[in-house]
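Provided herewith is a single structure, encoded as structure tokens, for subsequent inquiry.
Per-chain residue numbering starts at 1, and chain names A, B, C and D are given in the order in which the chains are listed.
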Amino acid sequence: MALEDLYREVILDHYRNPRNRGRLERPDASASGVNPLCGDELAIELALRDGVVSDVAIESQGCSISQSSASMMTEAIKGKSIEEIKALVSKFRKMMSLDEGEDAGFDPERPGAVLGDIEALQGVRQYPVRIKCAALAWNTMLEALQETA
Amino acid sequence: MALEDLYREVILDHYRNPRNRGRLERPDASASGVNPLCGDELAIELALRDGVVSDVAIESQGCSISQSSASMMTEAIKGKSIEEIKALVSKFRKMMSLDEGEDAGFDPERPGAVLGDIEALQGVRQYPVRIKCAALAWNTMLEALQETA
Amino acid sequence: MNDLSHLKADFPVLENGVHFLDSASSSQKPIPVLEAMDRFARGSYANVHRGAYKLSVAATEAYEGARRRVAEFVGADDDREIVFTRGATTAINTVAFGWGLENLEEGDRILATEMEHHANLVPWQMVARRTGAVLDHVPITDECRLDMDAFEKKMGPDVKMVAVTGMSNVLGTIPDIAAISRIAHRHGARVLVDAAQRVPHLPVDVTEMGADFVAFSSHKMLGPTGIGVLWGRMEALEEMEPFEGGGEMISDVTLHTATWAGIPHRFEAGTPPIIEAVGLHAAIDYLDSIGMEKVFDHDKALTAIALERLGDVPGLAIQGPKDLEDRGGVISMDMKGIHAHDVATILDEEGVAVRAGHHCAKPLMRRLGVTATARASFYVYNTEADVDALVSGLRRAGELFGVR
Amino acid sequence: MNDLSHLKADFPVLENGVHFLDSASSSQKPIPVLEAMDRFARGSYANVHRGAYKLSVAATEAYEGARRRVAEFVGADDDREIVFTRGATTAINTVAFGWGLENLEEGDRILATEMEHHANLVPWQMVARRTGAVLDHVPITDECRLDMDAFEKKMGPDVKMVAVTGMSNVLGTIPDIAAISRIAHRHGARVLVDAAQRVPHLPVDVTEMGADFVAFSSHKMLGPTGIGVLWGRMEALEEMEPFEGGGEMISDVTLHTATWAGIPHRFEAGTPPIIEAVGLHAAIDYLDSIGMEKVFDHDKALTAIALERLGDVPGLAIQGPKDLEDRGGVISMDMKGIHAHDVATILDEEGVAVRAGHHCAKPLMRRLGVTATARASFYVYNTEADVDALVSGLRRAGELFGVR
């Protein structure tokens, strides 16, 4: 696989200019996670209104994959209900081959149709050790949501 | 090597009828030893008069080699001075290849000329693990003598 | 008897005709195991869990693949319940110190048996001394079986750990672990099985056995030295602190504190036996290709023949059960008027390799009233010819020593 | 540079062209090592120290022969000072628990350094917690050397153990162990050297080094996994209790008590890594046939070339000494704007295997102000071509990420 396929421009962009960095003033939920193998660290804070994620902030350090995945995720979940977010996570996990089952309709002909920019992370699948980097933000976010349940 | 060379009749005789078994009434020196690998155990008591071993007694359990070696040793050291016994030990150790250096004059043509019956133990040299069996009594006896020094 | 004689060709050591009857001490290694290790070392070796590059990913996959294979082989519910150790001894020490120091205190009792190997005795003595717990022992019957009545009587709420052999390396006796576990659990105790002799020879399903910890070694089951296994029920592993500290077992470390990685990695400090894990994987494949039922049947068939023919050897007494019930292919022998070491030396000269001594079970030896036995043990590569050589060697020993 | 390029053919893994620059994590194994193990396993394998028969005598001789070879290789006065362990990690734990629990108490200090691997940190944290001793740390200078002034100031009569790396696995820094030992001994402290990176790469003479304990692993010095070494000065070993209990380490056992066997066997509970000892023996023969001076010179020559060429790579900073003084062939790199994992992935795609991460030295990482580095390390099979591939791979990474 070409490295350009792994390090797509959109990934590098989110890595260099991560969205929704920092902390919230009054978070309704939070969690932090580490990837012990590579030392990536991530803390997430969520604000919820009427069952919808109204705001999100992330502090983290790690590689381009974990950082960009976190950044894209924040954009994807903002304004979404918990149910919608869970559906999103499920599609993400299928895309990364973390879960089995019928595929979620990813189509090379129509890139971005299912998960938008996040689909740029598909290249990570070829790098089993890096999948954990991509998944860190998502797993930590789920943990934070659990808190609210 | 023929097994008959290892298990000479004299060895079996000392094994079946060990000399100087038991305990002394008033020992001047004693020691006990084990061979942790095979579990052979041996306790020795010595009576000394004017620097000469006047009596010796052994309690032990173990294989034919350790038992017969102990039995023959008791016969060899009785009536001998500590100096003489040390010379004996040194010859024994050379015979068993436990010490290097010029050989002690063992001659297949004149069996028994140097150490008497004890030379029957020469066959043990072919069995490195069994050398420790043969040496147990001698080492323990040296330890007991040390006590008197 | 299942004819396994075709297997012999896989064991080059046996080519020179030695009758190898010391598998209870350590087994020989078949060519497929040696080749698997060699191939791995030549083709895809790297350290594991540090996979920034393909070789390391492949090595990690091989190592974790071995873990999955072991889990499947012993019927573990979850791969994470498999901890790789240096051997059965380290596996038991890991529990004794890792679980024992955390969960035992003055007034508690640890219950072992009279027929334990030193590996399942000395660590508990050490831990008893450190914690103030008391080490107690279930006796064996005169038929060399575990005394189950005595066991039930000795159980009580103060017993926190039952440490029992899965099969005696001296007697061949196979205790009923499922029954022991039921009784122990009823009293709230944890059960550790020293399965060093059991996993190589019997079909083992840890879930059916019902114990909490099971320890065994690769080198007794056709695999390489340098690796062994601790299986632990997840909830039991969770009660355990790491036995060793180091790399790969932490989640975070500062100059003064450390937090542990998940199970099982927190129990695997440092670089693990990677090539050895690949060898163990191959050994399990080899055993499974025979089938563990067949392995056990084969051991038993040889034991039956041996028990019968040994009965005719003058002066020979067998230490251990004299029938085939709940017994494996380990036969301890005592010859009137000949010390076990002499027996072994004579057998060796006749091309028969047996072990002589206390077999790391001195308390059991004292109980049996002997200081040493000569022990023959069977495995897949043994045949009736080995039994015959044993019997005729013993006769020769008797003749040399004039035993009638 | 010594031309060692002819050695490459002994390492089949390298045949497919990979530029393997992760030997600090674990080295590849040359064919003579693999063949020695295979030959032993096929020809004379048996358990050791139980030698009632010829195979076992041969195996014991092979195992004890490996012990003698290791003793000679590191300049030990006495074979008995060599204890075989599972690896450097277990060797250090053996001292931390075996020596530490016996000899440390409240009010005592253990002095480590800021650049220790977790293996020489976490066990001391665990032992400090158990004994009430305090763990303290010698800082490093901004040039990434051990701060010897600070070390002298931190020494005092309450320091009972100095635990120091023989060579940093992150920085390549080689502390002056002889000087450290002199100072420590003047204050009555024992010195343990984590020589996991030192013994494979430098000539080591434990007598000259003057420390009390030296720990290292076989798998980093061309040998197999599953075995390592603890050298201990006899009088230091005598202060130590066994870390593990089991077979082969006792003199006598009753149901309630045990007395220990002699040194070193009391520290080697259970069946040891026998086949692995034979492999380690062969690895030492291999290294000695090159000559350890040459091995070190070769590492240094490649390091010199690398330090020079890496200086031209845009955005690249080196964590560690920038000259060749007291430094081995380990280079930690930090690239502006690219995380170490991305660097490693890109290098891997270019056929260059380096490790990325905290290298089991998180406290050092914090001190350096980084979370991870990409680390290249050299060994006998590396050549200038590997350095070139590294440099061009790093340039490619810079281009991909737009680093200028």
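In the analysis below, a contact is a pair of C-beta atoms (placed from the backbone, for glycine too) under 8 Å apart; a residue touches a chain by one contact, two chains touch by 3 or more.
Predicted, not measured: the structure shown is a model, and the values here were computed from it.
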Original post:
Comparing centres built from CA atoms, which chain ends up most distant from chain D?
Top reply: B
**OP:** Could you tell me the distance, in whole angstrom, between the mean C-alpha positions of chain A and chain D?
**Re:** 39
Subject >> Between chain D and chain B, distance of the C-alpha-averaged centres to the nearest whole Å >> reply: 47
Original post:
Between chain C and chain D, what is the gap in Å from one C-alpha centre to the other?
Top reply: 31
Original post:
Using the touch rule from the top of the page, what residues of chain D touch 2 or more other chains?
Top reply: 50, 52, 250, 252, 341, 345, 356-357, 362
Original post:
At which residue positions does chain B touch at least two other chains?
Top reply: 37
Original post:
Does the chain-touch network form a line, ring, star, complete graph or other?
Top reply: other
Original post:
Can you name every pair of chains that touch?
Top reply: A-C, A-D, B-C, B-D, C-D
Original post:
For chain D, which residues count as touching chain C in their complex?
Top reply: 12-13, 18, 20, 22, 25-26, 28-29, 31, 34, 37-38, 41-47, 50, 52-56, 86-90, 92-93, 96, 114, 117-119, 121-126, 135, 137, 217, 219, 224-227, 242, 244-250, 252-258, 269-276, 341, 344-345, 347-348, 352-357, 360, 362-363, 366, 374
Original post:
For chain C, which residues are in contact with chain B within the complex?
Top reply: 337-342, 345-346, 349, 356-358, 362, 365, 371-372, 396, 400-402
Original post:
Can you list the chain D residues touching chain B in their complex?
Top reply: 49-52, 57, 60-61, 250-252, 261-262
Subject >> Touch list for chain B against partner chain D, complex >> reply: 34, 36-37, 128-129
Original post:
Which bits of chain B are touching chain C when the two form their complex?
Top reply: 1, 3-4, 6-7, 12, 16, 37-39, 41, 61-65, 67, 127, 130, 133
